[in-house]
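See structure below.
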């Protein structure tokens, strides 16, 4: 069975803390995701997302603070702007833009974190593997007639 | 290439956390799989890493093996990161070479499948190895503090903040743009809900401020610009010439007596007149006359010069010039207050057209014993006592479409007070209040409102007014009472508009100069709406009173004291320590495009105009990394979270 | 100089005095008014429902015609026409959906080649290129009130005139009206340029009764009376206005007002263009003053010079 | 004087339909009454303009559609130019008139024009009135 | 440094800006070749009897702009011939592949290979020239990063041919005839090279010594390479030559401040008269790839009010040019409202084509997946 790989970038102040809360509350969710903690979701740029897809991620998740609650005033809005543009580019690249998800999850929303993770894992499972690591432009690229 | 190409010696310590981790994650396998991973010198597990023996083991291993960095795979970094950093420091290792792999909250506690959880733990730890390989030794950025504060605004908020800071033992520079301190509160008549006389409680405070050895009062001064950062500001302040020497003026008033120029009196909201040389009000502090150059006939003695001729004290000096003074301070309290929204904006109420349609502050002056009518309620046009008075609330407030979307908060209460005081003064008069909602949510507020209705027979009409116009010398008010569903037309001798409060800083010029953040309405923005309500987003700036948003006097004073306490908190520190995980600029790569500058909410980044690169004020940088992501050429790299580190962590997570 | 001018139906039928005085006055100022070819009724009422797009096609067609004739602006005097044309134009400019819908209607209009008489369809889309102006705006911004002042031939300095805006020159605001809905000044400034003494009265923006004159005559009569009464008690000698319907309610129906309010004995009402034309020296007989219920001729000739102007 | 309130699917649909047709969010009205206070014909209405909105907010379609007030509105836009929430009651009234039973007769048609007025009325008055009150 | 900079003369000021752009481009092309000849003449033209170095220039999948410059120099081509021995340049010489095949390995001193690898022939010649050349230079944006032909990777060979030969509105081909690799004719067969599925850069198919980006490269780059070859001062293999270490912004004189953009314009949507000539274009809503593009061209496009297109490829600190640019440009959108952001973003009509215009094949993904 297809086991998706989900790369999560979580902001330290809200979503990462929300994920911790899910843990201390002993809620359970899918094992398919692994978190990388950043100070703010606005630390992430499309290069990181592309790199994750290219290196085998089937889905990428970015978690930030709710609008108006950003620890750094407005970092989450910057993330929103980048994600909005990048999602349009994903479609041009032939990657389903649902494979990238941006959510606002606060430190108090352990439940929302768990639900989101389960839901996202399910969605990625339904979308199937992406296998971008196999996409290459090496010398062996075939020339068809 | 990682870690500057130098091989590191990394120690990995996997914690069982009793059974908290070990029951789901095969910790031994984790330790074993990491053994031999790039740069890993040691990989081991232990039942409780945070216990005394656990910590001791880490300490000894660092020292014995000369580890360059350690990873503790255990609980969330929010719990014990500090603990393990201390251990590292004891062992002589830079605390920024400690990383925590969270395999409890974000792994063992949320999963049940042992196999998968163990695989996940391995990847988590590997990703932290990759991060650690790129980490640098960092030292907290240390900055000294100038233990001196500036308070901008001499209203009740500014005075309270200045007094509290001064009482903490620190010097305060109080800057007020008007000739006297006192602000709007000293203009008020009586204050809700206790009806104590505003001047009676305000003037002693003004005197206290003027006499306090730690407070330097600068009236008729305006802040020009500010540079520096928290703990170390340099402020340029413009001193406007008063043309009267404060120390020499004996308050005899001879100058005003001879002055031929008559202008509307600001203190009385234009309801009376003053001379071009004037004392704003009898209890003004500093107690000295001011020559208002805009109204004066001219300083050349050939043109007038009467005031100078009669001044026995020789206090008047026509040669005074505008000056710029500089002050060094460590913190700034912003208490710039409010103004009332222009009545002209609501043309249908006739505010600027009819003399007897006035705003709330004008009515305060009419009610005040020191006001133009000596406290008797008389209308401005002809001095008659108004027998019918109409109050209209929410004039420009709660109107997102045309005016201000916010509630001005104090109008419900002061209108109730106005109606009540009117009834106390004019027993046979009728007071009617048009309102949408009565918001009386403060201590003893609702009781006060009820008293207005119950005991003083004020008629509250639930609805708005659409038009106020004059027929003869009678004002006609057209409105609606939505409770009966009837149109209302009534005659009034006088109409008082509860104009919306707006921030005093006009177009926001001052806040732009100070580079302090404001909200969409121009009010000062707080650092966090719940947890940091008296701090600005910009370190070293604190908020007090209505500059932050509409507030009543008790709230204003409370916030001023809180701001003062925060200043004391800052000044009590030995030095300021700042997280070093900032985002510097690699000058060799930076082309000064300026994109990162607009990303920084703290103003930490600016263009170096000679080198054409961006320079970073390390003390202001909070290390969010938004600029690093926005930097189009990779010249902005966050310390210990570079792009290269993120890439290799991602790779480790996805490929194991 | 030629300018595009949309008179609207009423001016061609019931208020030729407004049309005539406008043309004559503008001719004195050096402008010839050109009507767009084949113009139709604008619809009189801007369709307020989001789903009555078809009501926007008539005004859009008029505007497109002006555009196709090379006109950058179109001037009107009727407040109803002004309101409909202006709001339609704003919709076309600001509302992409309505723009699309309107142009979808318009594109299938039949075009007849004047030479070959062949019929084709497929008009290019109209995107709000034409500016819709009320004549007062044109006088202020293009002609200049100072030009009017310089060209005065007759004296109006004894006349106290109350400018009556009514509804549709000002509201609903938000960039539609010719001035601020609650504190307008343009009419006052215009009258000042004629040398009149301007009387401010609080009912200058109140509704005259509009077409309720047909469906609810009593209510409309009451509304008209309130406007007239307010002008009278504020000391005006006459009212100046722009809208044919306001003129109907305030002047033509004064008989009914008299019936309802015994104290009311009639009051002179002018179109602003009649005052303009008169002041610029246009022959009196073309102004159509005789068409008024209350013939205002006498106040022009016997201006009550009771007070000395400052 | 008692009404029973139920905001079910039909009511919701009615409210949304009014918002959709008028292009105004009727939910956002907070009943300050400025529209009624300024309305020059409120004196001739059976209910006040703000009450029209209130009926819609409460989902009382029948009451809202049968009130006389929506026929009285002269589209003078005084309410719209002052509404703190950007609601235009003329448009809401138009939406309500549009939602009335199409079987009903015209509220005001050519036959209703008083004969003695027919000749003197300005065209614009008739066109505008029929546009509003007849189908 | 570029003749176009003399445009402060009044007369040229009045030229339409696109004409100025064309002049700038031509002048640039001239200036590239002039430098080339100057260099070669200086080094070899003083009558010293020395073997002329052998040069090869090849044109693979590209527009041929790099070669056109050669022809534009007219009679000066003779001077070139004096300085170097041009052994292979199909664009202007009638050399046959078999002549190259007959050469010894490493006989060619420098090969400037221009163009991407679009078909089997490109691939074959790339491999052949690699064998025969001492120094192989990926010359121009196509060979270095894939350039505009590389945007073909947003689709594939089959789709491209289908469109070209079947579905495009201007094609009338009811029998759906496609060119074939082999066609039998009387007296033998005709062959055509087979189109590869995707476009690749030179570096993706052979070992490349130096990269010289630019569409086309400017004079300085050529100078750097030739001088290095002739003086044996070659930089480390794999270097990108002739570029400056920073980005186009460094060479752009426009004033740069904070950036907050409410509206992005496509080039035709803005009247050149409305563009402030002294202010950063991006701040004026004109999408400019300059902040992420290697310096070296002297900020040619921004000088004529055109946003940098990015032909010099990504600057040093960038992993993926399009991704990085998208992140940067989106960052400066002046709105926090999701709907408004969406609207502003939609003003960048083709973000992939805009930000990966010259670098798609060499990006992280390389192609549509």
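In this document, chain identifiers A, B, C, D and E correspond to the written order of the chains, with residue numbering beginning at 1 in each.
As a working rule, a residue touches a chain if its C-beta (ideal position, glycine included) is under 8 Å from a C-beta of that chain, and two chains touch if they have at least 3 such contacts.
Just so we're clear, the structure is a prediction, and the values are computed from it rather than from any experiment.
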Labels of chains that are neighbours to subunit B and to subunit E: A
If you tally the C-beta contacts, which comes out ahead, B-D or B-C? B-D
Using only alpha carbons, which chain's centroid is the nearest to the whole structure's centroid? B
Could you state the distance in Å from the CA-based centre of subunit D to that of subunit E? 65
Chain centre separation (subunit A, subunit B; CA means) in Å: 35
Roughly how far is subunit A from subunit D, going centre to centre by Cα mean, in whole Å? 50
Note: subunit D residues in touch with at least two other chains are 43, 78, 82
Using the touch rule from the top of the page, what residues of subunit A touch 2 or more other chains? 45, 47, 51, 74, 78, 82
Of all residues in subunit C, which are in touch with two or more distinct other chains? 182
Which pairs of chains touch each other? A-B, A-E, B-C, B-D, B-E, C-D
Subunit A-touching residues of subunit B, taken from the complex the two chains share: 76-78, 102, 104-107, 109-113, 116-117, 120, 123-124, 127, 517, 529, 537, 581, 599, 601, 622-626, 628-630, 638, 641, 643, 646-647, 649-651, 653-655
The subunit E residues in contact with subunit A across the complex are 119-120, 123, 153-154, 157-158, 180-181, 194-198, 200, 204-205, 318-320, 322-324, 326-331, 333, 335-336, 338, 341-342, 345-346, 348, 350-352, 355, 361, 363-369
Of all residues in subunit B, those that touch subunit E in their complex: 586, 588-595, 597-599, 607, 612, 626, 629-635, 637, 643, 647
In their shared complex, at which residues does subunit D touch subunit C? 20-23, 40-41, 43-44, 71-72, 74-78, 80-82, 88, 90-91, 93-95, 98, 108, 112-114, 117, 120-129, 131-133
In their complex, what parts of subunit C are in touch with subunit D? 8-10, 13-15, 41, 43-45, 47-52, 55, 78, 80-81, 167-168, 170-173, 181-182, 205-207, 209-219, 222-223, 244-245, 248, 252
